[in-house]
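Note that the chains take the letters A, B, C, D, E, F, G and H in the order they are written out, and that residue 1 is the start of every chain.
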Amino acid sequence: MEKGIVFAGFGGQGILLAGKVLARAGMNRGLEVTWLPSYGPEMRGGTANCTVVIADFPIGSPVVDCPDALVAMNAPSLDKFEERVAEGGIIVANSSLVKRPVKRGDVRAIPIPANDIAAELGNPRVINMVALGALVRALGVVSLEEIQRAMEEELHGKGRDKLIELNREALRRGFSEAEKYLS
Amino acid sequence: MSVEVAVPKGYTRVFSKPRALSDAGFTYCPGCHHGIITRLVAEAIDELGILERTVGIAPVGCAVFLDRFFNCDFVQAAHGRACAVATGIKRARPDLVVFTYQGDGDLAAIGTAETVHAANRGENITVIFVNNGIYGMTGGEMAPTTLPGQRTTTTPAGREPRLHGYPLKISEMLAQLDGPAYITRQAVFDHPHIVKAKRAILKAFRNQLDGKGFSLVEILSTCPTNWRMSPAEAGRWVAEEVTEVFPLGDLKDVG
Amino acid sequence: MPKGLVIVDKERCKGCGLCIEACPFGVLDFSSEYNASGYRVVHMAHPEKCTGCAVCANVCPDVALEIYREESSVRGAA
Amino acid sequence: MSRVLMRGNEAIAEAAIRSGLKCYFCYPITPQGEMVEYMARELPKRGGVFLQAESEVAAINMVYGAAAAGVRTMTSSSSPGISLKQEGISYIAMARLPCVIVNMMRGGPGLGNIAPAQGDYFQATKGGGHGDYRLIVLAPSTVPEAAELVRLAFDLSDKYRVPAMLLADGMIGQMMEPVELPEPVDPDRIPPRPWAVTGARGRPKNVVSSFDLEPEGLREMNLVLQETYREIERNEVRWEEVETGDAELLLVAYGTVGRIAKTVVRLAREEGLPVGLFRPITLWPFPYEPLRMLAEKVGTVLTVELSAGQMWEDVRLAVEGRAETPFYGELGGVVPSPKRILEEVRKYVG
Amino acid sequence: MSRVLMRGNEAIAEAAIRSGLKCYFCYPITPQGEMVEYMARELPKRGGVFLQAESEVAAINMVYGAAAAGVRTMTSSSSPGISLKQEGISYIAMARLPCVIVNMMRGGPGLGNIAPAQGDYFQATKGGGHGDYRLIVLAPSTVPEAAELVRLAFDLSDKYRVPAMLLADGMIGQMMEPVELPEPVDPDRIPPRPWAVTGARGRPKNVVSSFDLEPEGLREMNLVLQETYREIERNEVRWEEVETGDAELLLVAYGTVGRIAKTVVRLAREEGLPVGLFRPITLWPFPYEPLRMLAEKVGTVLTVELSAGQMWEDVRLAVEGRAETPFYGELGGVVPSPKRILEEVRKYVG
Amino acid sequence: MSVEVAVPKGYTRVFSKPRALSDAGFTYCPGCHHGIITRLVAEAIDELGILERTVGIAPVGCAVFLDRFFNCDFVQAAHGRACAVATGIKRARPDLVVFTYQGDGDLAAIGTAETVHAANRGENITVIFVNNGIYGMTGGEMAPTTLPGQRTTTTPAGREPRLHGYPLKISEMLAQLDGPAYITRQAVFDHPHIVKAKRAILKAFRNQLDGKGFSLVEILSTCPTNWRMSPAEAGRWVAEEVTEVFPLGDLKDVG
Amino acid sequence: MPKGLVIVDKERCKGCGLCIEACPFGVLDFSSEYNASGYRVVHMAHPEKCTGCAVCANVCPDVALEIYREESSVRGAA
Amino acid sequence: MEKGIVFAGFGGQGILLAGKVLARAGMNRGLEVTWLPSYGPEMRGGTANCTVVIADFPIGSPVVDCPDALVAMNAPSLDKFEERVAEGGIIVANSSLVKRPVKRGDVRAIPIPANDIAAELGNPRVINMVALGALVRALGVVSLEEIQRAMEEELHGKGRDKLIELNREALRRGFSEAEKYLS
């Protein structure tokens, strides 16, 4: 088994953290994982993306030509990566910002109104966890509990403990939202 | 690409992008004073009508893309070496107007020797020195000009002068030398200061046209991104904190 | 006809808000528009108050503003 | 030991601290910024010295000083910054000071860009500075291996009094992988340094120098260096082989490309192509002999690098006409995918 | 033309001035001091710019500036100083600026000494700086040849927009020999530089840079470089052969050792030993092909260098097992006499 | 090798070679002030009783052989980098007494950045700066401190400041910084000045022992060989000409 | 018994003459002797004038001079 | 024909110039020549020497193991180089300073009181030309006239014209002094 996942969006959408949490969950499960942020200009701002690979044997390339899954947090990200997703792959798109549908017919498209859900939860910053929850559901490599624990580990002790409960909930909401498209 | 806007009827254009600037958008972060400074240099070039004989030197730093922004000839220099590169150009072709545009890491850390010696030789060049107290492009490390107590990625508990050095007063140092014609410190955190800074930049270029030699305009700038402040907060911080350590004004002017 | 007019280059504007704060007459504010880079751009929220003083343009780090002044007032100032 | 998820840059820093690093001197540059940041945060807490120097030139000369004073010391940078250190490295080599230098290579030449590349192979292995010296050059291909090789770098450097370089690329610095960190070193296991300048109390003075005006004297100093290098060549050659037993085409690749090539081997084998991988871990000393022996058995030795063909020269020196030696390289920070390399492989087998 | 008795350092300076040198930037170092002194005296008189920089780093970056501004420009130094120029050289190479760099090699590594040596071969030919670049490297063996190769260095550098290095050693710099100086170049024959920064009047702006953040863009820049290098390899390989027709042992040596080896050939032939000499004049591009062809015919190819065996690698890459390839080197500034080399020769023939 | 001289009967030794010096003869040219300065440093080490915890840094320049002359541990540094090397040693082992001894080419040209930044960090080291206005070891090229009009091999018609730069006042520059504890300029052209210079050197070492930070003693020196003067003439030239451009005295002293 | 005594380390002396010029009492001068390095070394031309003030030793760049003072005069000075 | 000559003495004895004049005379005659100064420490003072090679074919090494002639201007120079002179070679020793005789029996020893002759001529600085004159006589490769012309060329226009006559005479005196030992 080897899965490559690309997370893409604007800087500030928590893209890198979402990838890290997934990688950590994979590691905790005893799998091999890699996490690679994209190289942008040396300055901040603009777009951000990262690639996570999870496998049950040593991972060769941390770069993925044809990801098995894409999490597109905004429209430019979907435009950029849609074509590259592997046949039968997954596209989680943040439908709060991505107004167009996924064009590809050979992938499982999962539109998640991440911004709206996050707003409901009372903190716009958890959009990344909403999307991640949805991805986890579709991917099936780690469980909801595992991804929640990985998130906890990631936030713990970094002055973000009080956000853990909120993020648990965000993951759960994303997870169950994805159900709709997978049953 | 910006489109030429037709002048609305009954109105006259009183402010627009200088001719010396291309249509390329700046790559600076939102609210970064680099953009103001870059524009002031372009305005000075316009006002002096020297675009077609000016060569700029882009540093390594957030201004590395400068050659895209300007319509004049440009050379990209190795980190810290802009003054040496400028010396090479100016000595080869004294008829050209040569300016460097450098951050504090570039000019006052790795480029200390090149800066000091170009100044001491009185090289007939214009130096625009953008002091934002941090390494912007590499992600917020301490600069020679970082304030005491200021947190950066390499001074996570704040700069401790006895350990990390004091804020380096390179302009004060250079003013001690016989070579420079003009050393001044300006800021651009509000309209009046921008107007003054512009005047200083103009003078620094005029000095070169008059053969007066080395002129350096230090400009206190912001780095909202790495200071982790809003652009407005960053501007206030310059006005209130940075100017305390780096007071504004002329440090040397041979007139 | 207001004395001044601010034209925003929406693709250059990065929504930093410095112009809003700098304008002595409270002319500018964020619009509800986002540009292609995802920034929320400014607009003239109170065009009638604009004097064409160009302070906003002077503080804009992205040279996103063009300023026009009503012709009679320009002559008046000369 | 449990595995932790870490960036390469951070894993290297942590492994260095656990290896007894006392003084770290640096100048910021991408793509190794997280190493600098980690050191700034962690090293002072753990009894070490973190100092951001005014330049790479100053940093390497601070390393020279700290090494002369007898502590474990290190600097890190990326391509342009490493170029600036060349004079200092040459001094350190001749003065026989142990230290570790990390180069997270980026796209070059010149300012280039910050994407992963391997264009500094010659500089690292043949000596970018002046004179006849060598660095021990270790090339990790994964984050855990990077952590492991940091420890080895300190140990070998101490053992032979030869500076060691960890030669990686931006990808290894930036990516995260699960790592088993080495145990903190027992300070007593760090070799003593009787030659260090620590004050001439109860012993004749120590002098650390690379200078001898007399050709005969300088010749002697050089002969000692050369002898040490021969010893290292005998003892410290390291490499990895994957599926070489029956291979008809041998990939040779190191670092990031080395790990990608493992996937290539897997994909090729899935297609029934007899492909193996030879991955040098020590770039100097280069594993000439083992590669030569393998070359006898395969028809083709395909070198793949993120450069215009630098290690390729060493491969050809090893192979010496015993096999075909084609080359495939990418430049400017472009990293080829396993599939792209597989295309290249198919030109020669199957 | 009449012959004048000149030191190598002075002959190089005079030949450079006659080649249209406009800007010379330097930092003093032995053993090339007389070049600096000559330039200081002569260049300003003849319409050029002499500037003593604050360091070698500054000097090479001044060269970068002057070259960007479109004039013939040069710097000179010796081993440690050349190490300091590596970052700048890498920038110049990628920015495609023509210029000439002189390295009067001395004993190394480190401070070493000021005696003649050839330990900077790797640095010069493989790239001491970062990234995939090359210098055109010319190695004179006599003072007259040094003067001639200076001219060639400027011409080739201009033709290909690749920096050229004159790689000599302290002996060639310090010694006097009769020289026929080249005629002053006709300024109109110096190739125009439409890419130079001279003010964007009546043309689009020119930008001199080595920077492209996008891997694809940087890849393109590198491919242009590599193509240029292939062209130079096709057109500009230079070497000298002495008594190679029936040789059974071929000496390979360059520079100072190359001239000493000529005496060795004479002495050997006097004893009836079938010895010939292959002397590379361009060290990059190295004359692999002609040497390979000769290697087919001789039993032994003996490389002699003032180093621990650097050019030797290129010799072995050329020979690829077609002949025995023993090596003899001296270190630390020791220069072997013809007799000493002859002893070495006798181990393999006669 | 000098032989221990038996004290003549009825006499007491009042002056002899300091214990910190070895028996190796100096390699300086006849009459060169380097020798006096080297001895004064040795005397200071003797008087403070710190020989066994002192590490000296030899520069590249006429003092490159310094490690032979002294009986303490020594490190030979790359040209210009003595202050960086000293920083490395002192940070690694703060208990050691660390001093550099550098010429003007070493300290004020190629080493400008290392000097300025060590000073600015207030590194707790002692710097002996031998200013002889020329590059001695390489055969008499212009130094940053060469006087206007002075002939050297690279200013054959005399230094022309607008072309070759002004005499670089690096001590004045350093005195502008917050880091240094003590910056002084001394000379050794006659007995009284030697006595004063000695006091300054002692103080610079004492500052280090007291943890006061960066102390630099600039000493105007001679280079009879490359100045093409007799030793006596060279001394007078310092007294009359050099001190005009480089006035003696303390430039900074935090006390 | 003169108050002072100068002992010259002949192999260290380089004959620069600085001590001769510096001596306030005209004690020193060049001797006719050359040392192994070919330098003409100094000697006490007028030993009787020497006060042991050590000025010569203090200006000697080669640490070639040792100075002795007659014991009573040392005590006197103390 | 190939002759290697070493000139050795203290700095200030005009060693390098004597060698240069000989090399120039050889060149003027259409011969190949090399002149190589010795490397000392980078500073001035101490000993100086140079090696001149004259040949009628291209010169390989400018360094000479066993010189055909030695001009020793002081005792340390004779001590250092005497053993290395080729069998049948020439040693010109400045007998004003070199008090011991040449030990080697298989060379032609030519003691020349160069300092005394120079003193007679009224200028101690011409000792180098006195010795060179003697060498030229013994070497037989260039004539007295040729060496005198080469000396003139060397001094001409370097503010030393007024010394030319004196140096001509010094060369002549050395030349004829050597006669004594060669007849």
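Keep in mind that, in the parts below, contacts are C-beta pairs under 8 Å (C-beta built on N, C-alpha and C of every residue); 3 or more make two chains touch, one makes a residue touch a chain.
For clarity, every value in this text was computed on a predicted model and none was experimentally measured.
Peer 1: Starting at chain E, figure out the least number of steps needed to reach chain F through touching chains.
Peer 2: The distance in steps between these two chains is 1.
Peer 1: Quick one: which chains contact chain A and chain G both?
Peer 2: Chains that touch both chain A and chain G, as defined above, do not exist here.
Peer 1: Please indicate which chain is farthest from chain E, where distance is taken between mean Cα coordinates of the chains.
Peer 2: It is C.
Peer 1: Would you indicate which pair of chains has the most C-beta pairs in contact?
Peer 2: By number of C-beta pairs in contact, the leading chain pair is D-E.
Peer 1: How many Å are there between the centre of chain A and the centre of chain C, using C-alpha atoms for each centre?
Peer 2: That gives a centre separation of 39 Å.
Peer 1: In angstrom, rounded to a whole number, how far apart do the mean CA points of chain C and chain G lie?
Peer 2: Centres of chain C and chain G (C-alpha means) sit 85 Å apart.
Peer 1: Averaged over CA atoms, how far is the centre of chain C from the centre of chain H? Could you give it in whole Å?
Peer 2: Between these chains, centre-to-centre, one finds 87 Å.
Peer 1: Could you pull out the residues of chain B that touch at least 2 other chains?
Peer 2: 28-30, 64, 76, 78, 109-110, 112-113, 116-117, 137-139, 144, 164
Peer 1: Send over the residues of chain H in touch with two or more other chains.
Peer 2: Residues 41-42 of chain H touch two or more partner chains.
Peer 1: Two-or-more-chain contact residues of chain G, please, as numbers and ranges.
Peer 2: Not one residue in chain G touches at least two other chains.
Peer 1: Okay, in this complex, where on chain E does chain D touch?
Peer 2: Touching chain D: residues 57, 79-80, 82-84, 86-87, 90-95, 105, 107-115, 117, 119-120, 122-123, 126-133, 209-223, 225-226, 307-308, 310, 313, 316-317, 320-322, 330-335 of chain E.
Peer 1: Touching residues of chain F toward chain E in the complex: what are they?
Peer 2: 60, 64, 76, 78-80, 105, 109-110, 112, 135, 137-139, 141-142, 144, 153-156, 164
Peer 1: Which chain A residues qualify as touching chain D in the complex?
Peer 2: Against chain D, chain A makes touches at 20, 23-24, 27, 32-37, 39, 42, 58-63, 65.
Peer 1: Where on chain B does chain E make contact in their complex?
Peer 2: Answer in residue numbers: 51-55, 57-58, 64, 67, 70-78, 81, 84-93, 96, 113-114, 116-117.
Peer 1: Over in the complex, which chain D residues touch chain B? Could you list them?
Peer 2: Touch list, chain D to chain B: 27-30, 33, 36-37, 40-41, 50-52, 54-56, 80, 110-111.
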